[in-house]
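Let me give you the structure first, and then I'll get to my questions.
For reference, chains read A, B and C in written order, and residue numbers begin at 1 within each chain.
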């Protein structure tokens, strides 16, 4: 049995403005994440990949379908059970600064999951674990008393990661965790995430739009296009033999940093983004 | 709730804020001195006393601020009035703050209840609240606690709206989502994440509310409602002194008016300083 | 690919930018050389804060008034020295002599004018006589050229009705309407989806290579450099740390910073270089 199973999930968001169209973000999405593996979800803006990441943690309720972790249906849990379950499943955000309470000390932010889920540990033990976790993600212990605004983007993301791993979850959703970071910082964060995964055998659902990152980080890849998963395959296989025309288009748009490997972008007929669909409507 | 295992160093913040805003520092000092003097300082004359032989004396060595039509010492009365006027203003503000924040939180939650609360608020604010407050206090027979209620009546809706709009925008923020994802209870989200982030702006509003309350109390007692003679209050002193203005005895209404103006200015300065500080540290 | 000649399109020597701030004077660009030959695309690459954007904004005189731009030379072929031109006359240079494509297309488009009017204003500002009808025809042709399927509808609409990719196409159409010999693009595809990025870059490089025009392409994306540029300038802390042909620099980088930058692109099966 897989650690996380998502089965035929549908989600429609009501129209933002009066008279607008409701957005069909997920149209019957199914996937599973095995213990200790990284499943990447790749897609372009509006493909529904971020919604999928939140649905996997039941931060967004689904319209139909089921999300199970360890065989337990998240949708059937009452509020208290779900909160307890969250010790085992965490989230790392795309925007490191916005994801940290600007008034809380770094130490307090990282301590929060333990205070919620293991208050019996006591202040001294929580303190000890927070400091060692900070060190583990590559931050000096002295950062515990600082505020998020005093840190750089890369350091803020390390704090976000420390918060996510301190309760030793088995499943972590990483929502574009490196896309707002500079290239060299990005590499450091990716390396850290890989190291932590080996150490604690966590399963990652890695949401991204960057093919280079995904190719490096994932065991398997699910390709999303307009609210559907069009192809799921082991990473190597997907890059060597993409089947769906959209996957082929996506791969052809990948720009290698090695000039000896030229690309040839190849559009596929009927390629649409959500915004294009909006544009093609008749003006009111 | 404050089982903080880590806290950012912020002990010096208040001191630094006052150093960067000398106006606010001066204002705080003025209010403190005035309040302490009204409570503990030996006044040169009995503030309630009258002296038929010394009416309408102009300011000088014997009566610093002169005397009023009944021979009361204006200096003693102006200082003593702070006891009632400032206490009522502060009490009214605290009541507005507590009720307004609680109702504001309730009005910013999801669901039908909060929607009804907002509708009710709209309807309530359609009343001319100052006149409502006036009627309330005079109908109660000039009970002082009704003045406190009256201030709350006027200011609770302001706190409510402020809190609601701040909390609604904060609820959309990523760090609240992060707290939810971590498994924080709604209670924890309110006390650890929402309230600390609206505190600065609530403090600004609190300071402004004190200033507003001082004016409301002065207006009420100017109309002869609320604080009743012989207890001195700035509003009634202004009314009493108004009649003497035309004949040149400016000091009765003048010094009472000055006290109101300075208090209002002090709290407005403080509000500015707090607002500036909040904006600078966290944006 | 090797259509470029030895003829210079742009030659910049020792360009420096200083900005006065309340906390003192800062120097985001400290003496940058930039040589662009006819027919080539030169990339400027670096991480945020390295001064790459400030360099070209300084060259185009698009920086706020509290900044000073100096250079020993900033020669634009067929025009003259850019820094000798008064700031108010630069409007004539931008558009006619240099086409500029900024990162945020919505910042370049006027939100309250229809797209058609923006083509008209541009042509009117640079040519003495153009009728509304001629302007519209030119605009239709330009939009068609950047791959917009229904140009008439776009012309009759406003910027906010467009997606990021579409808006950037419109900006490119505007920037190339007066056939400038040099195009300068500042992160033109950052924030766009990968497929849209490929389409847009194919479009711009097509325009450049058509008639021996040239382009300066500022980006943080090494893939964009490797796939679209012929020569590259690597910037760090306001200075050029390495420059040369893309084949040389990207395949065998000499400077340690360039080496580290290239090593931090994740490659399957390889460990990431995270040494600092």
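Here, a residue touches a chain if its C-beta (ideal position, glycine included) is under 8 Å from a C-beta of that chain, and two chains touch if they have at least 3 such contacts.
On a predicted model such as this, the values are computed, not experimentally measured, just so you know.
Peer 1: Need the graph distance between chain B and chain C over the touch network, please.
Peer 2: The fewest touching-chain steps linking chain B to chain C number 2.
Peer 1: Which one chain sits nearest the middle, judging by mean Cα positions?
Peer 2: The chain sitting closest to the overall C-alpha centre is A.
Peer 1: Measuring centre to centre with C-alpha atoms, which chain is farthest from chain C?
Peer 2: B
Peer 1: Compute the distance, rounded to whole Å, between the mean C-alpha positions of chain B and chain C.
Peer 2: 57
Peer 1: With chain centres defined as C-alpha means, what is the inter-centre distance between chain A and chain C in Å?
Peer 2: 33
Peer 1: Could you put a whole-Å number on the gap between the CA centroids of chain A and chain B?
Peer 2: 48
Peer 1: If you look at chain C, which of its residues touch at least two other chains?
Peer 2: none
Peer 1: So in the complex, the part of chain A that touches chain C is made up of which residues?
Peer 2: 44-45, 182-184, 186-188, 190-191, 209-213, 215-217, 235-236, 239, 249-250, 252-260, 262-263, 265, 267, 271, 273, 275-276, 278-279, 283
Peer 1: Quick check: in the complex, which residue numbers of chain B touch chain A?
Peer 2: That would be residues 3-9, 173-175, 177-185, 188, 192-193, 196-197, 281-282 of chain B.
Peer 1: In their shared complex, at which residues does chain C touch chain A?
Peer 2: Contacts found on chain C: 47-48, 153, 156-157, 161-166, 193-199, 202, 220-227, 246-247, 250-251, 260-268, 271-274.
Peer 1: For chain A, which residues count as touching chain B in their complex?
Peer 2: 57, 59, 83-87, 90-91, 93, 95, 98-108, 111-113, 115-117, 123, 126-127, 130, 144-147, 149, 160, 163, 167
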